[in-house]
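Listed after this line are the structures, all set down as structure tokens.
Next come two complexes built around chain A: one with chain B, the other with chain C.
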Partner chain A sequence: MLGGIYALLGIGLTLIFGIMRVVNFTHGELYSFGAYMMFMFVMLLHLDFFLSLVLATALGVALGAVIEFVLLRRLRGADIDTTMLVMIGAWIAMQNVEQLIWSGVAKSITSPFPSAPLVLGGISVAWSRLFVFAVALLLIAGTYALVDRTRIGRAMRATFQDGDTARLMGVDIDTTYLATFALGSGLAAAAGALLGPVFVVTPGMGDLAALKAFAIVILGGLGSILGATIGGFLLAFIEELGAGYLSSGYRDAMGFALIILVLLMRPTGLISRKDRIG
Partner chain B sequence: MRRLAILALLALLLSVPLWVGNFYVLHVLIVTGIFTIAAMSLNLLLGYTGQLSLGHAVFFGIGAYVSALVSLGFAVHLAPDWLVTLDPQPVWLAMLCAVAIAGLCGWAIGRVSFKVRGAYFVIVTISFAEVARLVALNWDELTQGPMALNNIPPLAVSLPGLDEFDFIGKVPNYYLVLVAAILAYVVIARLVHSRAGRAMIALKENEPLASSVGIEVTRYLVLAAVVSAAIAGAAGALYAHYIQIVDPNVFMFLYTVTMVIMVVAGGKGTLAGPIVGGLIFGLLPEVLRSFAIRPEVQWVAYGVLMILIVYLLPNGIVPAVASLWNRAGRADAPAAPTTGSSPGRIVP
Partner chain C sequence: MLRVEGLTCRYGKVAAVSELTLEVRQGELVALIGANGAGKTTTLKAISGLVAPVAGRLMFSGRDITGASARHILRLGIAHCPEGRRVFPYMTVLENLQMGSHLRRDRRQVAADMAGLLDRFPILRERRAQTAGTLSGGEQQLLAIARALMSRPKLVMFDEPSLGLAPTIVDRVFDVIKTIQAAGVTVIMVEQNAFAALELSDRAYVIEQGRLTLTGTGRDLLENPRVKAAYLGA
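Moving on to the complex of A and B:
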């Protein structure tokens, strides 16, 4: 189940990273934003669980579009460090706005699934986790379809390969960037909205999620959706192994140790593209 | 003129404890000074070699932990039946160890990280910081984990013929930090103006070109990383012995971000930049605290300010002021007589 969530986060980030050359530090905030929206809709407004999920994701898309429009649009052509600093500033501001609104106390969301697990031949799986996994897979498949089959997806792929040439060929770069950032943000918000009901929601939950998403992007190689998918599942798997054999305290360190190892051995990621920044 | 300004600034800094009676203000100044030293060391990497390291808190944290551990002594099992123990050592020795080990870590991390550039480099450096934080959190036997290392002794110096002098209290620590900051400034200034420093700047401007004229890229980058890490380690050691408690939070990303803001706001690649930025962003939270009701609001202001600085002053405060200064000088120039030695052109 975590693999699916990690893959969602990684795909969102790798799209933004690969196409826009923006290291998106607000990614983790979009993730916690999704979770908080879920909390607001389900627990405060008492809306339907599934409707809330859709709404939270849609708001994530909208917030992503706003960030792109307000902050990043005027930074076209700025170097990667400059945009990175702006995103760090946005990240700090967003996290503290969240803390201000929702306070630091962890929130929990009740999910509509039966608490008795589904038992399948000796393996028992919680229904809520099964649901998260299924939706995550669905969203991943949807992203593939969007990027591979639609017009805007083709524009994204063209921009990824060569932004200037794509513009010369008549691709509207602004729209493509907007769509990319909104899509990536929506995926992050969906990941948060899915995972919020399983765990608890806190303002700082996005930090570790964002760092793990970076690990996944590095693992999978820049701009590779397939790489991010595999990377997400791989990271979840390695974390479990590490927690089992080393110590559960080092679970979260696995991802970072992995980044360092991968960059030592294969700086372009496991599934390498020709492209490499810098 | 320039020399006079520096002397005036030094006199001002030296006399601070004489006219600032408030210990809280002095405390804020000391902490600001420590972070300014760290920002100066980051500037060497970020401003002069152009590598954005977002794991700089690693070196700060390692300096703090090493210095604390050496001065407290420790006993740790490296293997089930291999116990390594160290008796408490004098603090000055501990601080030297901190500088040396931080420098060593700078060398090791530099060797690994400089294989990649740009966004990848940034993420590798973040990863190192996060691994360090998790190790500090989980290696209870050595670091006490989240319990933190307590009762770290302050620096004590015994000069021949004098009584032992303890750096306890605000005033001695203020001078200690001030001296360390001046030392760090001199080291960085010497390095930057040397052949190695010019090589670093060449790397920032155009790496392929620099390497094509025979500058050994990795060697100079690693050199910058070692010096930078050692100074950050010294800042961490000062912090440990001043605050007297070290917990795994010293590795937090937020500390690195604070240093980056100081450097970028002040002006990366200028010697004065991190000092100006350090003073502004070290004191700003205190100023905001007196206005804002909640710490969250302060942080929101911090983040927004950071964005605004990038938009409005992309090169930082010091270069902006310098160019204003120059423009004022040039505006005067036509009025001056243009014959002979042309006094209007004295302003660089």
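Moving on to the complex of A and C:
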């Protein structure tokens, strides 16, 4: 289940980095934003769970669009250090606003799934986890289709491969960047909205998520959707192994051990550049 | 059709093009020749909107296009086939052609144009599902030319179309460019291969260190002693 969520986070981040060359430090905040929106819609406004999921994701897309429009658009052509500092500032500001609004107390969201697990041939799976997994897979497939098959997806890939030539083809770079950042942010918010009801929601939850997303992007190779997908599932699998065979305390450390290993052996990530699609 | 008046472009403090004035008439094939670093590519980039001029004026079909976006200029009918081919390496041949028609909305006509170009360049049809990065240099150049044509330009600019290609393919590329002109499209061509460029062109401009130094018909310049000495190795 976590593999799907990690993959969503990683894909969002890798798209933004690959196409816009922006190291997006607000990624984790969009993840926690999705979770808090879910909390607000379900627990405070008593909206339908599934509708809330759609709304939280849509708001994530909108927030991403606002960040791109207000901050990043002004920084076009600025060097990577400046952009990075501004994004770090945005990250800290967003986290503090979140803490101000929601306080530091962990929130839980009730989910509509039956508490009795689904038992299939001796294996039992919680319905809520199954749901998260299925939706994550759906979103991953949707992102693939968008990038691979649509006009805006083609514009994204063209911009990624050769920005100047994409402009010569009439690609509107501003629109492409806006769409990319909004899409990546929407995926992060969706991941948070999906996982919030499974665990609890806290203001710091985005930090660990972002750290893992960066790890996945490095693992999969910068700018590779396929790499981020594989990286996400691999990270979840390794964490599970580490938690199961060593100690659950090692869960979060396992991933990073793996990354150090990959970077030592294949510095360009698991997927080489020629296989990248987005 | 196209007038460039007093064009000046800078990269930081370095002037790449200084007060360049030239004109291209409807249906002409105009060549720009000059040594490496003379400012030919920068001139084309200014016309297509990739580089913003610091001074001067660009007029196309009676419209002022100075400082307009690349997108707007393409929409008005100027296509730019860039130096070094610049096909999208991880996109298929078909996707590259689709990028050429990115701004067009007439889907049926786009499909017909694409079919027409694939008939004209059978090697591209053969390789249509391959990523462009796997093509040979000559195939990539044909793809870059076909991609530029997919926008149905009125004026198309080729930057060093023969660069790095085998001699037999160079002839083919020049043939294709001549055919494009014959079909009624106005052409600007930048070439290191000055002899071929002058032979092919109706008129030519010689650029040195960002400035215009000579202009005339291709034939006149072929006979010009200065051109002979500097560019034709005679």
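General remarks:
Simple rule for what comes next: the second predicted complex is superposed on the first by the 273 of 278 C-alpha atoms of A that agree within 3 Å, B and C clash if a C-alpha of one lies under 4 Å from a C-alpha of the other, contacts with A are read in each partner's own complex, and residues count from 1 in each chain.
Assume a contact is a pair of C-beta atoms (placed from the backbone, for glycine too) under 8 Å apart; a residue touches a chain by one contact, two chains touch by 3 or more.
These numbers were taken from a predicted model, which means no experiment stands behind them.
When the shared chain is aligned, chain B comes close enough to touch A:82, but chain C does not.
In the superposition on chain A, A:90 makes contact with chain B only, not with chain C.
By the touch criterion defined above, A:161 lies against chain C but remains apart from chain B after alignment on the C-alpha atoms of chain A.
In the superposition on chain A, A:171 makes contact with chain C only, while chain B stays out of contact range.
Of the two partner chains, chain B is the only one touched by A:214; chain C is not.
Which of chain B and chain C touches more residues of chain A: that partner is B.
Within the superposed three-chain model, A:151 lies in touch with chain C and out of touch with chain B [touch as defined at top].
Touching of chain A by both chain B and chain C, each in its own complex, is seen for residues 276-277. Contact residues on chain A toward chain B in their complex (touch as defined above): 17, 21, 23, 71, 74, 80-82, 84-86, 88-97, 99-100, 207, 211, 214-215, 217-218, 222, 247, 249-250, 252-253, 255-257, 259-260, 263-264, 267, 276-278.
Note for the complex: chain A touches chain C at residues 151, 154-155, 157-158, 161-162, 164-172, 274, 276-277. Considering their complex, residues 52, 112, 115-124, 126-128, 130-131, 134-135, 137-138, 253, 257, 260, 264, 294, 296-297, 299-300, 302-307, 310-311, 314 of chain B touch chain A.
Within the complex formed with chain A, the residues of chain C that make contact are 48-50, 70-71, 74-75, 79-80, 82, 86, 88-91, 95, 98-100, 102-103, 131, 133, 147, 151.
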